[in-house]
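One structure is given below, represented as structure tokens, and several questions about it will come after.
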Amino acid sequence: MNKSEILNLLNDVATGATSVEKAADVLKAQPFDDLGFAKPDHHRGLRQGAGEVIYGAGKTPEQIIKITENLMQNGQKHILITRLDEQAYNSVSKSIELDYYKEARIGIAGGMPQPDTTGTILVITAGTSDIPVAEEAAVTAEFLGNNVKRVYDAGVAGIHRLLAHFDDISKADVIIAIAGMEGALASVVGGLADCPVIAVPTSVGYGASFGGVSALLSMLNSCASGVSVVNIDNGFGAAYTASMINHK
Amino acid sequence: MNKSEILNLLNDVATGATSVEKAADVLKAQPFDDLGFAKPDHHRGLRQGAGEVIYGAGKTPEQIIKITENLMQNGQKHILITRLDEQAYNSVSKSIELDYYKEARIGIAGGMPQPDTTGTILVITAGTSDIPVAEEAAVTAEFLGNNVKRVYDAGVAGIHRLLAHFDDISKADVIIAIAGMEGALASVVGGLADCPVIAVPTSVGYGASFGGVSALLSMLNSCASGVSVVNIDNGFGAAYTASMINHK
Amino acid sequence: MNKSEILNLLNDVATGATSVEKAADVLKAQPFDDLGFAKPDHHRGLRQGAGEVIYGAGKTPEQIIKITENLMQNGQKHILITRLDEQAYNSVSKSIELDYYKEARIGIAGGMPQPDTTGTILVITAGTSDIPVAEEAAVTAEFLGNNVKRVYDAGVAGIHRLLAHFDDISKADVIIAIAGMEGALASVVGGLADCPVIAVPTSVGYGASFGGVSALLSMLNSCASGVSVVNIDNGFGAAYTASMINHK
Amino acid sequence: MNKSEILNLLNDVATGATSVEKAADVLKAQPFDDLGFAKPDHHRGLRQGAGEVIYGAGKTPEQIIKITENLMQNGQKHILITRLDEQAYNSVSKSIELDYYKEARIGIAGGMPQPDTTGTILVITAGTSDIPVAEEAAVTAEFLGNNVKRVYDAGVAGIHRLLAHFDDISKADVIIAIAGMEGALASVVGGLADCPVIAVPTSVGYGASFGGVSALLSMLNSCASGVSVVNIDNGFGAAYTASMINHK
Amino acid sequence: MNKSEILNLLNDVATGATSVEKAADVLKAQPFDDLGFAKPDHHRGLRQGAGEVIYGAGKTPEQIIKITENLMQNGQKHILITRLDEQAYNSVSKSIELDYYKEARIGIAGGMPQPDTTGTILVITAGTSDIPVAEEAAVTAEFLGNNVKRVYDAGVAGIHRLLAHFDDISKADVIIAIAGMEGALASVVGGLADCPVIAVPTSVGYGASFGGVSALLSMLNSCASGVSVVNIDNGFGAAYTASMINHK
Amino acid sequence: MNKSEILNLLNDVATGATSVEKAADVLKAQPFDDLGFAKPDHHRGLRQGAGEVIYGAGKTPEQIIKITENLMQNGQKHILITRLDEQAYNSVSKSIELDYYKEARIGIAGGMPQPDTTGTILVITAGTSDIPVAEEAAVTAEFLGNNVKRVYDAGVAGIHRLLAHFDDISKADVIIAIAGMEGALASVVGGLADCPVIAVPTSVGYGASFGGVSALLSMLNSCASGVSVVNIDNGFGAAYTASMINHK
Amino acid sequence: MNKSEILNLLNDVATGATSVEKAADVLKAQPFDDLGFAKPDHHRGLRQGAGEVIYGAGKTPEQIIKITENLMQNGQKHILITRLDEQAYNSVSKSIELDYYKEARIGIAGGMPQPDTTGTILVITAGTSDIPVAEEAAVTAEFLGNNVKRVYDAGVAGIHRLLAHFDDISKADVIIAIAGMEGALASVVGGLADCPVIAVPTSVGYGASFGGVSALLSMLNSCASGVSVVNIDNGFGAAYTASMINHK
Amino acid sequence: MNKSEILNLLNDVATGATSVEKAADVLKAQPFDDLGFAKPDHHRGLRQGAGEVIYGAGKTPEQIIKITENLMQNGQKHILITRLDEQAYNSVSKSIELDYYKEARIGIAGGMPQPDTTGTILVITAGTSDIPVAEEAAVTAEFLGNNVKRVYDAGVAGIHRLLAHFDDISKADVIIAIAGMEGALASVVGGLADCPVIAVPTSVGYGASFGGVSALLSMLNSCASGVSVVNIDNGFGAAYTASMINHK
């Protein structure tokens, strides 16, 4: 049951098309009601698209298995599990068949869906250490039905490496720019691109990078227009927003 | 001369279609070269759309006048001047005819352009004190060719006031959610909306709001997917990004 | 010996009803004097209600055992031990019979007391990861004689899940609202409720949540009236305050 | 129209007792709909008790006058205007008769209501510089129908001055403890009191007090149980919560 | 060779009483020159009193052994080794006979010196978790020749426990007040005492205590006169300063 | 009435030597009870020495006059008023004869007392901009009966200027080291001195000095033993502590 | 008297070539001894080069005049006064003939010296608002005998504007890169340049730029090698370091 | 292929001396293109000097081996691997012969190059705990062809230890000053030296040193001219800049 269905239901109650009691029954039958004391986090209403998402951090393998099974029984064909480290993957995969994307720390049940748009999301990083966050973004974007182009280790200190990807930047429909340390990539890419840029600061760095704060502030203060920012290391969130834009 | 023209020029140089000397001449003829010692800030390549933008903060009225005249002489029909306080407006308007949007602190030379898209950007605020930032966003979005719907003072503490705007939220193509204090509006709207939400923290508040930091952190940590964030009080930046999305 | 007894004693000294020497003897006979060099922390005067509390963090199992035995020998029937991790529980339970609430990290000696009020404390969380803090609050509140209603994973990004608990919110006498990340739950619940809301920020989140600071600031800046805040992850403190209010 | 009336209305819509159209008409007739572009901030649903509240900060005298007149025309008898500096008071009082509490920066239209409870709220400060915040709390509490006892300049560095108020502390039903600088008052009072303590950090101090942060952190980390905290300088919020507790 | 000897040497050079070459020879014979590449940290010139100090943190057992032996060979009778955890103690004690103070994490070679003053330093803590820092202070103060009185777990939330030590506070020549969490102890003791109070914030606490920052700010902002502050957890530094004062 | 007199009174009550009623009368006759609603801040119990202190910040000239007159009527001969800016001085001096120390922002009624100790307090600053804080310290120390030696503008970047004051540093009984910017003076002086050093960070500086935070952190982390720290710009507090030490 | 002369003097004392008394006389005759109570800040030993520097911030016009006159009487031919705002300039210039550089807020007595090196310092800024800091750097560098090339408003968001200055970057001997907001200029320039880059963060920006902190962190975390950083807005310090490098 | 070669190539393309296709082929043959998905970080263009650098942090031993082999196959004779902990060294050294500098955490393949300049870089630390950072700087500087002089444990609290190195400070061409805690070393050395000082804050310390922030702020606010700063613990970066200066 996706978000607009829920809103419609609330509307139907308001117009009298549905009684309160009936609506309550419908809502109670929703997956978020089924697992009792430890309700699964369905990544909040993310049910409208190609599949379903489980945020794996802070969940036991048992909880992840239960939620996945519950979703599959409710007809979900593709399920994305984020922040699933290798140890958790090993446990979960004993019960459920998963494609595991190790660098992205993502498991997918039911296989990767086919792209359902023609636009392309460019995922670009400043360094190699940013790749885990980039892969979380790239795999999520693919799961949500997008074509993804990856360009990694194209930091601004070697501007020739970045300029070599002019074409990719020009042709992208949305760009996810990922960088730790000083996070300058977002501004330079933002200055070159004609499309929206979602900037993802990463916790890559040491000392005065303060776990990603330096890159975060850089990106928020970007002198380039068209740049908006998500939380540190939030590859999933960037991909979700980028997919929304790409599906317009 | 817009950004893709500049990139094409660089490309032509690379392919030999244009000589370096000629390209240099072309670039020197660009407006950013004309005003000598105190070069105007043309809001970075924002020349492709309906008009041109001048970031007024930190510029003297004389500088604003010179840049505006220079732009008009170069064929710009509509020019947006942001962060133009009333005193500066009074000075500038002696030389240049401006429409002044007082709450937005925006002046427009050459009149407001007509919308060139059918999509709608919803600008929604938590409180009345957020309105100046909201108006900066709304007027900018209109200037960039968008239809804008305003909903003000719909903070989450009075959830009925927000729910009363279900329709506006459902129908929007992009939403700009603006809030100070605890910034919860972004999460609630993000949970209700199916479109991208650009969150703008404002410096409204006191004490532990720390000039907008509280709202900024809230928005970056939003549990709702599809929310990205711009700098504190950056109504212009939110509108620019929203317009990019709305024009896709 | 409870707090008002101590104050009365001081008063008796002042009025001459008790001599200084005698008062000193009485005070020296108090449990806080008995365990020598490493005095137990009796959670400061929390002796007036249904039982006694030991703050387990930073205490060795041996210290916890000694304090518990000392309390029981002094007539305490029910003793709550907070921040007692499983390993410490295993050690302590070899000497003292404990009911262990694993998620709450609480051990209770002498069994859970019966409720002594009719009012209800609602403990509500934004996500599943907030449950350990919520259980610390809920078990503490029960120990202090309150009826407790739990509603978990009702974050604002899925507003329908929260609205489904209108009834619980309306009927509560006090609400403990627990959330990490952006902490918006406190404001939304505060806007819906007619009773005092004690907000507990949790350290759940990553990146710019800064170990609970984001939620803490949100809650302090809540636009809803009637919300007050305790320390990050301080389920016990919220329950103690809520119980005080509920017993009025 | 108070909060439970609004919720009832929503409920009536859901049960069909009221049609959506009729409900919309009712909601549109609400004061928050009446003033157009610059909607007044009604301090969020604070309409259930003895009177109405307007948060004056960031509003022009004209806006305050319009909102006050609108409220009075809608039958409000007593209206509290907070954060009303003397200059604004002078402007507003030309149109509306106000009792002005200068230190509290509060204006009251329609006179101060009579107390409607028997319990007492103790407002206690560490220093004289904390008095403006204390008066905001005290006058608000009185406006909301409470008996208020003031004890000012009773900081912990002169413990005898604080101990001299044992009686007031013992007899209070709720205590609002207000302090800047190191904010130790909350812990000492919290240790002496048997009732809930609402702690208000103030921005009084200099240097490493960081505009109230030092006191805020002290209060959040209070070793005394039963202490909860509101935003820096938020006398109104403390009084609102205290009144809720006192009216139980 | 103590500090005044070094300064005298420099002075003798200046007056010609000593030649530069001779002075250089003397300085080269100093212990800080002897151990080559990894020069020992002699706790900076702390050689004038009852004994010598080695700051153990960040030194290998081998380095500590070498420095200790070198000092003993140069005639030092008593040597204090701070921040010496149990594992390091076990290694060092195989080569050098040490008295080990486990809670203080201090080892002493050559035995504890006798007191050489009549004044008393009071070491007082707010809680039991502050005891390790307190013991570092107390043992250091004893090593430096002072009489020490310990009062532990006398936090301000149980003011009767603190008032019970009026006598100790009145009679002290210097007080070291140690507290984590909100650090209010320093202000209350400072208000009661007639002698200098050295306040030591500790990293005891969680959440918004930020590793001792809350207590540090409280102590710096103390409303009590006569309070000065050292670094978080710096029991040694407090004792060193207190000893300087006590030996006046 | 000084602090020990107050404590004796409390003791007399406890032993029955004084009745509670009589003690209450005595306490009510104390100056802190006399001035009603806006009780004067007597700088907390600072009554034992050569004179009385009024903290002028945040007080109106009228309040300062009333408190000063009240103190003089109660027999105080010398009264120190700190943080008294020139405008306030002009107002106060119309009613009360004051010696005004402009740089120190201190007014003294009843004249400067004679020194009552033989020891010397050295007040040393890194730069000229630190002089106002230094003068607050120096004049306070003189008022409290100490001999004061001033050495200004002796920052560590010109080490020869500092070394030129070896003698002053060697002979001092207590040193107050005052510096903004990087605050290194405290460590260098602390390494040279044999007496306690009270370090005062100042808000002198710009950019990353963060209003004194840089100097504050430097001083707290001083590698020199014997250094303790007071609040930013707190010349009074440093002098008060230094005087306590100097009077031992 | 320059720094090496002072060190030589100290050395002569040490070798007996100069007596202590004579050295003391020489040192007392130094300019830093002459102006009594308010000693001038000679910008610490900056006497070896083309001229002398006075840091004007926090000095009265009278003090600046006295120091300048004193320096001129001691044979200084060129004197640079930094942080001299227009109002102070107007006062000072009544007594002393000054060349005033308004944007740089610098006054020069005795005229600008001729360059004494062949190398060039490139001063480059991201925006027009950074120009005051850039001019402070440029004028200082010229005063210290360097050739200076200015490139302003070449921020990374318009990479073509920066690339247009390839030549200047390649030919520079030292580069001073100045930027506010996200400070990305330093990394991009650092990646292009073969010479040392001194990065100057500026306080230009708003919201999450936090007065230059964002740019400061960016520059400290620069992924480009060869970049070092000075304080926010410290154009003078950058020029001083750059001049040292350029004079090697 | 070094940086100027890359820039020349770009220039040749622009002038037509090289076709775009040919340039693309050249660029594709560059080492940064060779290793596919996980592109090695070549420490950005640091290829012009005596050897090549690999930043080891965040790379697996396998990745380091592949990159090193690739570089050697491309003709690099000397390769520096930074941030290579002992465990990683053990793995890498099975495939590649390395000289390992344990304290510096640096491995060098192909042996240490000979110095190619006559100037000297002085590496000086405040304490022994700063030595790992110092060794990273010293070994890097040696690798880049510089003569290096080490002076360790010369903190300002024992000023005689620092003054004993006057000669080293006077004779240095560049100084790298390394300190944790309060970082005062940079200011004192900066005041003594006539050459540029690169200051490196270290994370050495505890409590309010905040992982190097205290030293970082001290160094940024240094009152000595000629001091610039790199990131916390960034010995490599300091050495790289120092080498650039030393090779001028």
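Letters are used for the chains, namely A, B, C, D, E, F, G and H, taken in the order the chains are written, and counting of residues starts over at 1 for each.
Keep in mind that, in the parts below, contacts are C-beta pairs under 8 Å (C-beta built on N, C-alpha and C of every residue); 3 or more make two chains touch, one makes a residue touch a chain.
In this text the structure is predicted, and so the values were computed from the model without any measurement.
A.B. asks: How would you label the subunit E and subunit H contact, same or different, if same means the shared numbers make up over half of all numbers there?
C.D. replies: Counting shared over all numbers used gives less than one half: different.
A.B. asks: Of all the other chains, whose mean CA position lies farthest from subunit B?
C.D. replies: E
A.B. asks: For the interfaces F-H and D-F, which has the higher count of C-beta pairs in contact?
C.D. replies: F-H
A.B. asks: Using mean C-alpha positions as chain centres, tell me how far subunit C is from subunit H in Å, no decimals.
C.D. replies: Whole-Å distance between the two chain centres: 52.
A.B. asks: Mind checking the centre-to-centre distance between subunit C and subunit F? Centres are C-alpha means, answer in whole Å.
C.D. replies: A distance of 42 Å separates the two centres.
A.B. asks: Just curious, how far off is subunit G from subunit F if you go by their C-alpha centres, in Å?
C.D. replies: So the centre of subunit F lies 37 Å away from the centre of subunit G.
A.B. asks: Mind pulling the residue numbers of subunit G that touch at least two other chains?
C.D. replies: 7, 44-45, 127, 155, 157-158, 191-192, 207-209, 213, 216, 220-221, 223-225, 231-232 - these are the residues of subunit G that touch more than one other chain.
A.B. asks: Once bound in the complex, which stretches of subunit G touch subunit A?
C.D. replies: Against subunit A, the touching part of subunit G is residues 126-127, 155-159, 181-184, 186-188, 190-192, 205, 207-210, 213-215, 217-225.
A.B. asks: What part of subunit F is in contact with subunit G in the complex they form?
C.D. replies: So the residues of subunit F in touch with subunit G come to 127-129, 131, 152-153, 155, 157-158, 160-161, 164, 204, 206-209.
A.B. asks: Would you mind writing out the residues of subunit G in touch with subunit H in their complex?
C.D. replies: My answer: residues 3-4, 7, 43-46, 48, 166, 170, 173, 191-192, 194-196, 198, 216, 220-221, 223-232, 236-238, 240-241, 244-245, 248.
A.B. asks: Per the contact definition, I'd like the list of subunit D residues that touch subunit B in the complex.
C.D. replies: Where subunit D meets subunit B, its residues are 6-7, 10, 27, 32, 37-41, 44-45, 57-59, 201, 203, 211-213, 216, 231-234.
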